[in-house]
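What follows is a pair of complexes built around chain A, which joins chain B in one and chain C in the other.
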Partner chain A sequence: MALLEVNDLRVSFDTAAGRILALNGVSFSLNRGEVLALLGESGSGKSVTASAIMDLVPNPPGAIDHGSIRFDGSELLQLPRQERRDLCGDRIALIFQDALAALNPVYPVGWQIAEMFRIHGRTVQGGVEKAVIDLLTAIGIPDPERRAKQYPHEFSGGMRQRIMIAMAVALEPDVIIADEPTTALDVTIQAQVVDLLNAIRKRSDAGMIFITHDLGVVAELADRVAVMYAGRIVETASVFELFDDARHPYSVGLLASQPRMDTDEDELVPIPGSAPNPAALPSGCAFRTRCPRAEKLCAEVVPHLETVGPGREVACHFPVSPA
Partner chain B sequence: MTDAPAELLPARERRGRRILWLVRALAGDPMAVAAAIWLLIVVLAILADSLSLLGDNRISLKARNLPPFNFSQSWTLWLGADALGRPLLVRLIQAASTTIGIALMTVLTSLIGGTLLGVIAAYFGGIAGNIIMRICDIILGFPTLLVALFGLYLFGPSVSNLVIVLAVTRMPAYIRVARAETLEVRERLFVDAARVFGGGPVWILRNHILPSVAPTMLTLASVNLAMVMLFESGLSYLGLGIQPPAVSWGLMVAQGQGYLSSAWWLGFFPGLAVMFTTMSFNLLANWFRIVNDPSQHWRLVSRRR
Partner chain C sequence: MTEPLLKVQNLSRHFGGTSAPVRAVDDVSFEIARGETLGLVGESGCGKTSLVRTLLKLGPATGGSALIDGVDITRSSGRQLHELRRRMQVVFQDPYQSLNPRMRVDRLISEPWALHPGIVPKSLWRAETVKLLESVGLRAEHAERYPSEFSGGQRQRLGIARALTLNPTLLVCDEPVSALDVSVQAQVVNLLSRLRRERNLAMLFVAHDLAVVRHISDRVMVMYLGKIIETGPKHSIFSAPAHPYTQALLSAVPTPDPRLRGKRKRIVLQGDLPSPVNPPSGCRFRTRCWKATSICAEQEPALTARTSAHGLLTACHHAEADPAVAGE
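Right after this comes the complex of A and B.
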């Protein structure tokens, strides 16, 4: 059985433009030791998925209308508050995109890492202080004894993101959700942070959901990819299959709009149009207005995820044929 | 943060070294040093008075309305004497303990009560929040002086009633500010982060909301300290505050008012004392705020002139 299983998740928000569906039936599963990348444009529902798992959907205006999130055999959406809170941070951890805002400016970073142990009442052999220093050493912060006493504003962006990672992995969670952890960083720092995250994850054999819109990071890190569009997953595939032979026209378009070093093509091919307004989604397939393969059927019937191969699912009436 | 691992906190957070660090930080702000010295003098004077080291405070008709700066007299008369010939300096010191005591107790009561109620109203909202805020509106709807007068008339003028009445009438301001601050801090990402890492409401309130709200509340309290001293003098002037023969600075100003043209020092020196003390509290509060803001405190310890 999968470690984390999300099934037909629907999340909606009340806005001035009416009730909008941020997630419209999202299903995926994550196994132990696996990295699943959630790939998609802004507004496709990647972060809302993470929020729903971490119980961060603000209510009101948001609400989880339907679906289930099963973690290690228990249904998170039906768990009593206290039990769910105990899981958060301890067994499921989230890494935020904006580490500066996610760290409390009035506490030294060492205190904030120690907070993880204190919230969950964990005692560690050798004391929490030593555990914190060890964590700082593990994430490659030089002079950890001194740096632990410094405040978030005294660190560089990359270091802050590493501290965020240290907090998330402090209690060796089973599932790490990384919400665009590298988006705000320099390219060189990005690589370091991705490598660090991967090394730490491998050590504890945790499953990881890596939310990103960066195909390069996906290629380097992920085992499987779920491509999201307008609140739905439109394709899931192993990372090799996706890059070699994407089936959904949106995945194909996404890959074509990314510069590649291994081909001679001079021009990037952008996807025409822009992401649809979530308050007024097109009928049928949400991608049809930008899709080169759209036909009459696409406007009438919503395509559902259908298995097209081992571990491969595509939600399209007219998928791109295998290469 | 009482049970925080000491090793992980900077020197300024560790109990042993904290006092040393505070002294060093105080030296970085000359205005705060002056304020601290003034308050130290006041405290020492109050102490000396409570140990009866100040000599007599008897009525002496010979010294009636004795002008100040007459250095041939005993040192207690250097600031002059009041209409009954009591040395003004001794009277000032005796009034200091009443005035500062009432002001501190009032401000502390409304600071603690107001912050807690405001934070709760904002963080939990709902019916409890609504009830708290509507009661605030009701209190704010009446003129403060009227509420205070009514309360003191009903319960009788005494020091404890004075503190309660002043604290309750000032509290809505604290509640509203605390609520507004909490509403803002609550939406910050680090509060979400604490929730994601498993922190419950009590943990988040104590460790993340309160420390962020505290500097604002402290600033408000230091400003209010002056207001409370003036308010207390106003009520004493109307005969519902401190009752003679007890004395407060406000009462002394009120009593000196009638002599303003003939013996200006009767009202002037207590007024000056109120001003110095409130200013000192304000300066120290400002210094304290900077000390407790990690991104600002370097100003105090690393400034070289």
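Right after this comes the complex of A and C.
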């Protein structure tokens, strides 16, 4: 059985432009020890998926309208609020993109890491203070005894992101959700953080959902990839299958539009147009207005995810043929 | 060789008092030829933005000069600066903040013509606006809309159209695609490539995305802590970088190929960027460099040819190509 199973999740928000569907039937599963990348562009619904799992969808204006999120056998959407909150942070942890906004500026970072143990009532052998120092050491912060007493503004952006990671893994959660944890970082610092996350996943048996728009990071870290577009998952595949043999025209377009470091291309091959307005999605397939393969059927019938191979699903009436 | 379009010599930009200034740009020299694209890369705090702002004279230079067609930007003011700005236009990073939300597109585009009379007569504004919009992939009817009615990619096209109104010879692009989605990025990169071919535009292309810089540039310049530490034709920089920092930078770029996972040499830099108020003596990179020796603390390495790579200039006492970290 999968560790985390999301089924037909629908989330909507009230906006000035009317009610918009941020998630329009999202289903995926995550196994122990697995890294699943949610790959998509802004507005595709990646972060809303994370918020829904963590019970962080602001209500109002947002609401989970439909669907189920099963974690380790229990249905999260049916749990009493307090039980659900206890679970989040303890067994399911979230690493935010913006570490400066996520850390409290008026408390030392050591205190904030220790708070994880206090709030969730954990006692640790050797004391919480030692656990904090061990965590700071594990994430490569030099001079941890002194650094634990410092405030977030005294750390660089990369260190703050590593502190977020330390907080997320402090209670050894079963699921780690990382929401664009490297997007705001410089490339050399990004490499450090990706290496750290890789080391953590090798040490623990946790499943990780890695939210990103960066194909390079996906290639470095993910086992499986779910490609999102306009509130739906349009393709799931192993990382190798996706890069070698993408089937959904959007995935194919995304891969082709990236300049490469190892070959010279005369012209990049962009996807025409831009992401649709979520308040006025095209009928049928939301990608059809930008799709080179679109036909009449695409405007009429919404394509649903269909299994096309072991662990492979595509939501497209006219998928690209296997390579 | 013909006279370069832009000739920057010993340019510095310091902030704060004279006792302990922040040396954001420190004694930087380079050239851009007509029609050439120079990519500028480096991480936050390396001085990219300060350099760009000094070149555009959005802030004063502390020292040195920047000649465009032989006229020093840093010493220009009034009418002369106004004239220089015609030749040198900028595309900003954030297309949401760089366009006046209260101006309709036709006014946004024609405003520079009102400020620089004599380039396009008023009777032709409408026709020229349409031509420009079409040249950046927008349509005539877009002239009657407001910026809020456009997507990010379209706004960046507007920003480019506006930068082209005065027929500049140099286009400074400060992270022009980093705010855009990946699928849209490629559209704007292709647009810039086409425009520079058609108009023989020279470009200074600032970006942190190395793959984009590699795609669009003829030459590339790497900055670290206010200094140019390596520069050369893009194939020399990307296939035979000789500066340890360039090597670390290239090795850190994730490769979009899962089969290469863990197979590439990755140089992980230790520590953080030192403060530009009190930069390390000698080579500024030495505090994080695995090759540093005593000479690095004593002597600042000059930016000069140190390896066999074609046209490559490296500011490092221990410059040496490392094939294992070449990006190409």
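What we mean here is this: the second predicted complex is superposed on the first by the 319 of 323 C-alpha atoms of A that agree within 3 Å, B and C clash if a C-alpha of one lies under 4 Å from a C-alpha of the other, contacts with A are read in each partner's own complex, and residues count from 1 in each chain.
Basically, a contact is a pair of C-beta atoms (placed from the backbone, for glycine too) under 8 Å apart; a residue touches a chain by one contact, two chains touch by 3 or more.
The structure displayed is predicted, hence computed values, not measured ones.
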Checklist entry - Put the two structures on top of each other at chain A: do chain B and chain C fit, or clash? => result fit
Checklist entry - Does chain B (first) or chain C (second) touch A:Leu254, or do both, or does neither? => result second
Next on the checklist: Quick check for you: in the superposed arrangement, does A:Glu267 touch first (chain B), second (chain C), both or neither?
Outcome noted: second
Item to check | Touching partner for A:Pro278 - first (chain B), second (chain C), both, neither | outcome: neither
Item to check | Touched partner set for A:Val106, first chain B, second chain C, both or neither | outcome: first
Next on the checklist: After the superposition on A, what does A:Ile119 contact: first (chain B), second (chain C), both or neither?
Outcome noted: first
Checklist entry - Is A:Gly207 touching the first partner chain B, the second partner chain C, both, or neither of them? => result neither
Next on the checklist: Is A:Ala219 touching anything from chain B or chain C once the two structures are fitted on A? First, second, both or neither.
Outcome noted: second
Checklist entry - Of the two partner chains, chain B (first) and chain C (second), which one does A:Gly127 touch, if any: first, second, both, or neither? => result first
Item to check | Nearest-approach distance, in Å, of chain C Cα atoms to those of chain B in the combined model | outcome: 16
Checklist entry - Tell me, which parts of chain C touch chain A in their complex? => result 43-44, 151-154, 181-187, 189-190, 193, 208, 210-212, 214-215, 238, 248-261, 266, 268-269, 272-273, 327-328
Item to check | chain C-facing residues of chain A, complex | outcome: 41-42, 156-159, 186-192, 194-195, 213-220, 222, 239-240, 243, 253-255, 257-262, 265, 267-272, 274-275, 290
Item to check | Partner chain A, residues of chain B touching it in the complex | outcome: 1, 3-5, 7-11, 13, 188-190, 192-200, 203, 207-208, 211-212, 292-295
Next on the checklist: Quick check: in the complex, which residue numbers of chain A touch chain B?
Outcome noted: 54-56, 82, 85-90, 93-94, 96, 98, 101-108, 110-111, 114-116, 118-120, 127-129, 132, 148-151, 153, 167
